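What follows is a single structure, written as structure tokens, with notes after it.
Labels run A, B and C following the written order; every chain starts at residue 1.
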């Protein structure tokens, strides 16, 4: 069963509703012990990097997640700030990230923007996969997904980039490494594309 | 009372879930026989029908000269009213297209009204029913335990239509009623007369909490007698005078207007979808598909074999029914547990509450004797 | 490429949806839940729902309604009306909305924006500015309490202040153009666009898709919001939920 990790951040309701309507079994986990039965994990996230990491540490979830993801290779999908914490650290905060994917989170560089607005990157934007991947099957790439963020994930290795999006510069809107996946956009708020992606993840 | 043995018509698929059904010695039911005897001989959708229709249309146009509209038309977004809209324009009429929003429109319904109105260059009026009153009245019907819980929507539609025609002094109402897909009607036991104001008021009095201040109301005497004979408002059913093959009609609308199909008749309303697909068959054993398929069988648009095959699976989508149940509960402002309790409560019938049924019986007899109506509910 | 956002804006009054003209004479439009469900099925970019009574009546946001509406949205939902505290904002976000809008609270307590931004994230805090032209020279002024109370604040200056406080987005709502369906207030939109770097959304006056296109052509990446346009049809203002189809939007964006 898919576990949506509740560490006080992210639109758990919306993700749950999608799984419910797609008849995909899931449960919401708050405590580390609850994660024992998880066959897949979702890390939602809205808000600040440090706050999110602190919540994970305080709740004892971080340790459990490290074990499940790094040792037991449970597939995990991080969304928005839940994707950013997959990296080593962030310009937004002081704390270290989970470090599951080799990269750093940086602020979107608006210095060369000739247009307004600047940040946050807000609205529907297209995605460009670097190569075929089951997670992106059936996605209308041009329609894309809904983005709402000020920081972005900068991968150290190109092979960790699943798809890119253009906003001023081209940045990694989707990242992956073995069983770890991260999406900068909000699939739970991206209509049919989002539903498709979450269903694809459930099928992996 | 002795339980009747199950029997299904050999010609259509109506069966003893219609407790008043009568079979002849060949096992053919009275719905079929009534159709063959009374409806079919007088139903002309060929040139005869077209000529007859043109006569009526000419009259409508003449009487409508100088007015903004020459007739009024109810539009739900469903196949019948959509095809009717197309035909009204083809015939050169100038209808006021009218939609009653009872709070349950599906996206397809709204889309279909929009594409037709836009592409045919027609004007639209809507009457939005006060949702708080509608909600309360619908809940009252659930609590009453009767099968005809879609009465509030239907009643509101008719009341508003007549009120509107009356207000704008329009003498002709076009409806999408048709023999092609409705020559067999739902038994009264399944769907009691929605226009019976006595019944509506009694159920509201017993189970409703909010006074009906804005809710539009009409009565059978008012609209079939007063408005018809005294104010001279006539109802015209154009789809009975032209060839109407449901599948072809839908394809035409899809191709010409970007019309969106529905999975089943009446699914333009989310409530009606739930009501006919789940509540009525599961709680009462009344499956309206039998009525619809039987009509299509009689008009050669469906084989009895196909009908039987379809009826073998449930009328609702098993994968989405839980969500539908939840949506209905949420919209009605109750818990799924409460809605379930109404489902589990004993089944009642219209006879458990006050009615004006005698008026209908007398009226129907008179109308049939005068040849003013063929077939109809029983 | 990032696309401009086309946003239906719904007004709630006494539990039902209404449309106003110049913030007056609410006309009943129907049940909020079904309207939101239809917009969701039409795959709108995002949705704004504003409760016009909450502040004036002195009550809290209707959390049950917010929960029911959020459950129907597979796109971002912004809710506003009666939001006065960080707790309100957190609760609304937890019920499934993406964004929280504050209006009079931002005027009465400017640091609230920063406080809410701290709690739920900057990008989730929206400020709605209801603006009316006043006086002989038609100077713009921010109003609150459904356009009944003048604040003496200049929208441009206030927008700059809000950006400083950490607001994620500013919605400029023209009271003069509200419900009139004759086009947006371009001058007002320009005024705010030029003043701040955060995303802005313009609301009030849209009467046709051409009005939306006009704004998009002029401002590029912007939110264009409309009430009447997506809820009425035709010269008799028949209530009919509508939204441009994907192909129509793509044509508009060319």
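Methods note: a residue touches a chain if its C-beta (ideal position, glycine included) is under 8 Å from a C-beta of that chain, and two chains touch if they have at least 3 such contacts.
Keep in mind it's a predicted model, so treat the numbers as computed, not measured.
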Inset, instruction - Find the most central chain, measuring centrality by the gap between its CA centroid and the centroid of all protein CA atoms shown. - result: C
Inset, instruction - Report the chain whose mean Cα position is at the greatest distance from that of chain B. - result: A
Inset, instruction - Determine which of the two chain pairs, B-C or A-C, is joined by the larger number of C-beta pairs in contact. - result: A-C
Legend entry - Averaged-CA centre spacing for the pair chain B and chain A, given as whole angstrom: 49
Inset, instruction - Starting from the mean Cα coordinates of chain B and chain C, work out the distance between those two points in Å. - result: 39
Legend entry - Inter-chain centre distance, chain A versus chain C - centres from mean C-alpha coordinates, in Å: 28
Inset, instruction - Any chance you could list the residues of chain C touching two or more other chains? - result: 71
Inset, instruction - Report the residues of chain B in contact with chain A in the complex, numbered from low to high. - result: 319-320, 323
Legend entry - Complex contacts: residues of chain B adjacent to chain C: 99, 101, 103-107, 110-111, 113-114, 117, 123-126, 128, 130-132, 270, 327, 330-331
Inset, instruction - Mind listing the chain C positions that touch chain B in their complex? - result: 15-16, 28-31, 33-34, 37-38, 41-42, 68, 71, 233-236, 238-242
Legend entry - In the complex, chain C residues that touch chain A: 1-5, 40, 43, 45-46, 70-71, 73-76, 93-96, 98, 120-124, 168-169, 193, 196-200, 220-223, 246
Legend entry - Residue ranges of chain A in contact with chain B within the complex: 20-21, 23
